[in-house]
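What follows is chain A paired twice: with chain B in the first complex and chain C in the second.
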Partner chain A sequence: MMNRRHARGEISLRTQEALHGYAFILLWVVGFALFTFLPLIETFQYSLNRVTVTASGITLNFVEWANYTRALFTDPNFVELLIGYTVETLVSVPIVLIFAMLIAMFLNLRFRFKSVFRTIFFLPIVITSGPVIKELTAQGVASVPGITNMAAVSEFLAELPSALRSPVEYLLTSFILILWFSGVQILIYLASLQKVDRSIYEAAAIDGASGWEAFWKITLPSLATATVVNAVYTIVTLSHFSENKVIRYIYDRTYDIHGGIGYASAMSFIYFGVMVILLGIIYLSLRRWAQRGLR
Partner chain B sequence: MSKYAVSKRRSHRFNKMHNAGMNPRGFHVSQIKFYVLLLPLSALMLLPIIFIFSSAFKPLDELFAYPPRFFVINPTLKNFTDLFSRMSSSGVPVSRYLFNSVLITLATVAASIMVSSMAAYALSKKRFGLKRTLFAINNVALMFVPIAVTIPRFLVIERLNLLDTFWVHVLPVLALPVGLFLLKQFIDGVPDEVIEAARIDGAADWQIYWRIILPLIRPALATIAILTFQAAWNNADTSALYINHENLRTFAFYLTTLTTTTTGANAVAGQGIAAAAALIMFLPNLIIFIFLQSQVMSTMTHSGLR
Partner chain C sequence: MISAKLLQHPIADRLRGLFLGSRARHGLLFNLVLYALLIAIGFVYLNPLLFMFITSIKNANDLLNPMVQWVPTELYLGNYTKAFRVLNYPNTLTVSFLMSVTPAALQTFVASLVGYGLARYRFRGKSLVFLLILATFIIPPQNTVIPQMLTYRQLGLLGDPLALILPAFLGQGYRSAIFILIFYQGFLSLPKVLEESARLDGASDLRIFLTIAVPSALPAYIVSMIFGTVWYWNETFLTAIFLEGGVTTLPMQLSRFVQAYENLYPPGVVNIFDRLNEAVKMSGTFLNILPLLVMYFILQRWFVESVERTGVTGE
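The block that comes next holds the complex of A and B.
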C-alpha cells in the first residue's frame, strides 16, 4: 500500500504531518540556531582557548582545560560564589514553590475582590526584571540588612552549626526577594488547579474525606506536573537574574585584563554544569514524588 | 443519626471547604480568614512599586539616609527637573530614542509571540522526527547564561551584516528559550480531542493554530507578552554593543548614559536622576501589565482547559 502510493509520487499522511510540524517550527529553529546555538558552540570553543581581542580580530591560543582548572582550583572567589549560589537556590526553590502553591490555592477559592488579589500576586513579574530590581537592590530594600545585627538574631545564628548558618542567614535577609520571584509560578499553579474537576472534591467529601485529606490525595497529585515546570522555571529565573552574584562575577571577568573572554566562557560552562546538576536533583526528586502521588 | 442528617452534615462541610456556596455574591463572615492572610502578603507584593514611586520623589538627603526610609517625607520634583535638563543638553532629541524604543518593543513582542507559539504548537501537538531533540536542545539553552554568548553573538551579527541596523534589536531575541518552554507547557494542557474534532471538521493546520490553540492559551500568551515587553523595553545592551549610530539607539540606553556617565561630585546627584529615570522606565511596564493582566486572569476560567 505504502509502496504503491510512493510510486505514484504521493506522500503519506505521516510525512505530511511531519512536514507541517517542521513548517511551524522552521522560523524558530533558524532564529535559535543563528543567535543562540551557534554562539553557544563558539563559546565552548573559546573556553578551551586563551582569547585575545586585537584590532584586526580575535586570536585564539589553544590551552586545553587550563581555563577550567583555573576557575575551579586557582580562582579564590569563583568556587565560593558557586557554593553560595547552590545553597541559595536550594533554599529558595522550595520556598517559592510552597508560597506559589498556597497563594494559588487561595486565589482559586471563591471570595470577593478575588481578581484584585490575583492581579497583585501576579505583579512581581514586572518587578524582578529591569530597572526596578536594580534600583531596589541598589537602595538595599530587597534585603533586610539590619536583621542579622539584631542581638537575638545574631545569637541564634551563632548557635547554629556552621553548615546551617549561611542558608538561615540568607533566608532571613532575602525572604522578601524570594517571594517576588513567584509571579509566573502562581499563574501556572492556578491554571492547573482550574483543570481539576470539582466533582472529584464533591465525591471525596461525600466519602468522608476532610479538606486536609482532599489536599494531599487530590490537589497535590494534580499539581505534580505544574510543580516540575515551576521548579525548572524558578531555577532558571533565579540563575539568570541580573543581580545574581555569579553572573555579575562572570560579567566583570569578561572585560577584565586578568580574565578575558576565554576564562569567562569557561566559568559560564562550569556555572551551566552546576545548574544542570541542581535541576537534575530537583527534577528527579520531584519526579519520584509525582509518580508516588499519582499511584 | 438519620442518613439524611449525615449527608447534610457532610455537604455542609463540603460547602465550608469551598466557602459558603460556589458563588458568593457579597461579603460573608467566613471570608474574613482569606483577607487576614492575603492582605498582608499582597502588601508585601506592592512594596517595590510603592518604593519606586516614593524614591523618585525623594530629595537627596532622604535617598542617602541610613537606615533607608521607605516613604518620602518631603516630596520634590527636583530629580525630574534634573533629568529633563540633562536631556535637553544632549544632542539627539529624546523623541528619537522614544520612537525607536516603541517601534522595537512592538515589533519584538508581536514577532516573538508568533514565532514561539508556532514552534510550541509544533513541539507539543505535531509528530515529527526531531521533536524530542529540539525540545531537549531548547531546555539546555534555557539553562545557559545569556551573557556568555554575547561575544560570539556579536560575531554572528557582524557576519550577517546586521550591525547598525534596526533588525539587530529584534531578530536575536525572537527565539527565546523561556517563551517556548512556557508556551509548550500550556499547549500540552489543551486536550487532543479538541484538535481531533477540529480536524474532522476539516480545519487545516494553520486554522487549528490560529482559531483554536491561540485563543485557548491566551493567558500564557499575555504572560509571555508581558515578559517580552519588559525584556525589549528595558534592553540597553543591544544599543551599547551592536549599534554605533546614536539615532538607532533605544530610550533605555539613553537613560543609562544619563545616569552612569556622571563623575565626581555628580555621582551623588546621579542617584536622584537614576531614581527618577527608573520610575520613567518602569511606568510603561506597569501600564502594559495592568492592560494585559485582565487577559491573563479573566480568560483562565473560560479557557476550556479543564
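The block that comes next holds the complex of A and C.
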C-alpha cells in the first residue's frame, strides 16, 4: 500500500518535471513547426508542381518529378554547378581544418603580442559577409597576389589533366577566401586545446616524448571532437553562404515567370541531398578516425 | 661519450636553451620561426582590409597611376562622401543596427530558455529535440524560405521588420541552433546545488531560471549576443528575401551599390571623375564593415575570453 503510493508520487513528480521541461522548450517547438517543418513540407510540395503566382495567391499543377528530371537531365548549368560545389567543398574543408588547427596551436602558446595576433586572426569572423566578399573577389584580393597572372602557373594548369585542373585552379584563386572562413573554427579548436591538461604533456616529456610525438599522441586525439564539430560547421557555412554559386543560381531561377518556384524548390532539395551526402561522408570518415585516435 | 659530456657542459646547455628553448620557455630559433609565420598569416588576413582602405582614399589620378600602389599622393575623402550618400548611410546604419540587435537579443533569450530546459529537466523525446535542433542548423534556408515568403506576402508582412524578428523569437533565427547548444553546454557545466536549494525554499522554476541560472551563465549570453548581432548584420540571403521592398539594411544597399550610384550620379551627366570607380566601391565596403570593426575592437577582450569560458566545443 505504502509502496504503491510512493511509486505513484514518484511518477507524478517525474511527469511534473517533464511538463516543466516542455514548458521551457515550448516556444522553440512552436517555432520549429511554423518556420521549419511546415515550410519544408510545402517546399517539397512545390517541387512536385508547376507553381504559378497569381494576385490572390498561388496555383499548383501537379507534374510529378518533372522539375527534378529537368534539373538533373535538361538544365545545362545546374549539374555542372553542383559538381563544382562538391569539388570546392572537398578541397576547402581539409584546408580550413588544418589551417585552423595550426593557428589555434600557435595562439595556445605563450608569446609576446599574442593579443594583437589574436585580434587579427579573429577579424574574419566579424567581417565575412556576402557583399563584402563579393567586392573583394571582384578586386582580385581574394587570391594569392598575382599568382594567376604568372605565365608559369597558367602553363602548369594547362598541363594538368582536366579532373585535377578545377580543384587546383580553385585553390589558387580562392586560397585567401578559404582562410577567411576559418575564424570560428580557430575559436573552437582553441577552446578545446585549453581544456587539455598540461600535466599530460609534462608526463610525456619526462617519459622522453618529443614535441612531435606529443602532437600526434596527445594533441591530435584531444582535438578529435572539435574536428568533427568544425568539419560540420565548415560544410554548413560554405553551403549556406549567400555568394555560393549554386545558391545564387537557385535564387535567380526562383523569380522566373515560368514555373520558377517549383523548379527552384526541386533544385533546393537536390542541393540539400548532395550537401547531406557530403556531410555524411566527411562526418563518418572523421568519426572513424576520431575513435581510432582515442583508443 | 665526449660529445655527450660536452653537451652537458653548462655553457652548451645555456646556448641550447637560448636557441632551441627549454621546457620552461621557447628558444630564439623557435620564436623567430613563430613570429615569421604569425606575421605572414597576419598579413594575409590584413591584406584585403589594407587594400580596401588604401584604395578608398585614392583620388581618380592615383587610381589610374600604376606607380601608386600602397601610398596615395594625398588623403582623398571624396569617395567617402559619395559612398555615404549612395548608401544613404544614417538611415541604413540605423536599420542594420536595429535589425541585428533585436533578433539577436530575442534569439539569445529563447535559446537560453531551450538550453536550460534541455540541460536541467528529464523528459521524453529529448534526443528527438536535439536531432531536430541539429536539422535546423543543416537545412539550407532556400528549402524553407519560399513558403514563408508567400505567407508573409499574404499577411502583408513582407518588408516588415517583423518578418525577420518573428522566427528569431520562436528559436528559428539565423543559426539559433548553435546558441541553443552553447547554452545547453553552459548550463550543464554549472552546479545544480543553488537551484535545488532555491527549489526547496519554494521558488518557481521560472524564478530560479531568471535569478540563479541566468546570472551565472553570463559568458554564454555575451557570446550569443555578439555572434548573433554579427551574423544577423552580415546575413544577406534572408534579409534580401524578407525585407525586400521594405526597410533596407547596409549590406542590402551595398549589394545594389552600382545601381544606387547611377541613380544619384547618372553616368551620362556627371563628368568623368565622378563616374563609379573602385575607390568609391571600396569606400562603400569599408563603411559597411566599419561599425563591426569598431564593435570588435571595443569588445574583443570579452569576445575571446567568453568563448574560452563557455567552451563552445559541444562534447
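Definition applied: the second predicted complex is superposed on the first by the 260 of 295 C-alpha atoms of A that agree within 3 Å, B and C clash if a C-alpha of one lies under 4 Å from a C-alpha of the other, contacts with A are read in each partner's own complex, and residues count from 1 in each chain.
Simple rule for what comes next: a contact is a pair of C-beta atoms (placed from the backbone, for glycine too) under 8 Å apart; a residue touches a chain by one contact, two chains touch by 3 or more.
Computed from a predicted structure; not experimentally measured.
Undergrad: Do chain B and chain C fit side by side on chain A after the overlay, or clash?
TA: These partners clash in the superposed model.
Undergrad: Could you say whether A:Gln194 touches chain B, chain C, both of them, or neither, answering first, second, both or neither?
TA: both
Undergrad: With the two structures laid over each other on chain A, which partner does A:Leu40 touch: chain B (first), chain C (second), both, or neither?
TA: In the superposed model, A:Leu40 contacts both chain B and chain C.
Undergrad: Touch check for A:Ile103: first (chain B), second (chain C), both, or neither?
TA: So A:Ile103 meets both chain B and chain C here.
Undergrad: In the overlaid three-chain picture, which partner chain does A:Leu123 touch, first (chain B) or second (chain C), both, or neither?
TA: both
Undergrad: Could you tell me if A:Tyr249 is touching chain B, chain C, both of them or neither one (first, second, both, neither)?
TA: In the superposition, A:Tyr249 contacts neither chain B nor chain C.
Undergrad: Answer with first, second, both or neither: which of chain B and chain C does A:Ala214 touch in the superposed model?
TA: In the superposition, A:Ala214 contacts chain B only.
Undergrad: Hey, what residues of chain A end up touching chain B and chain C alike?
TA: Residues 14, 17-25, 27-32, 34-36, 38-40, 42-43, 46, 58, 103, 106, 109-111, 115, 117-127, 129-132, 134-136, 139, 141, 145, 176, 179-180, 187-188, 190-192, 194-195, 202, 205, 229, 236, 239-240, 247, 250-251, 254, 261, 264-265, 268-269, 271-272, 275-276, 279 of chain A touch both chain B and chain C.
Undergrad: Where on chain C does chain A make contact in their complex?
TA: 23, 25-26, 31, 34-35, 37-38, 41-42, 44-49, 51-52, 55, 110, 113-114, 116-118, 120-124, 129, 132-133, 135-148, 150, 154, 166-167, 169-172, 180, 205, 209, 227, 230, 233-237, 240, 251, 254-255, 278, 281-282, 284-285, 288-289, 292-293, 295-297, 300-301, 303-304, 307-308, 310-315
Undergrad: Which bits of chain A are touching chain C when the two form their complex?
TA: Contacts found on chain A: 14, 17-25, 27-32, 34-36, 38-40, 42-43, 46, 53, 57-58, 103, 106, 109-111, 115, 117-132, 134-136, 139, 141-142, 145, 176, 179-180, 187-188, 190-192, 194-195, 202, 205, 225-226, 229, 236, 239-240, 242, 247, 250-251, 254, 261, 264-265, 268-269, 271-272, 275-276, 279.
Undergrad: Applying the document's contact rule, which stretches of chain B touch chain A when the two form their complex?
TA: Chain B reaches chain A through residues 7, 10-11, 13-14, 17-19, 21-24, 26-27, 31, 34-35, 37-38, 41-42, 44-49, 51-52, 55, 63, 67-68, 70, 115-116, 118-119, 121-123, 126-131, 134, 137-153, 155-156, 160, 171-175, 177-178, 180-182, 185-186, 189, 205, 209, 219-220, 223, 226-227, 230-231, 233-234, 274-275, 277-278, 281-282, 285-286, 289-290, 293, 296-298, 300-301, 303, 305-306.
Undergrad: Across the complex, what residues on chain A touch chain B?
TA: Of all residues in chain A, those touching chain B are 14, 17-25, 27-32, 34-40, 42-43, 46, 58, 103, 106, 109-112, 115, 117-127, 129-136, 138-141, 145-146, 176, 179-180, 184, 187-188, 190-192, 194-195, 197, 201-202, 205-206, 208, 210-211, 214, 229, 232-233, 236, 239-240, 247, 250-251, 254, 261, 264-265, 268-269, 271-272, 275-276, 279.
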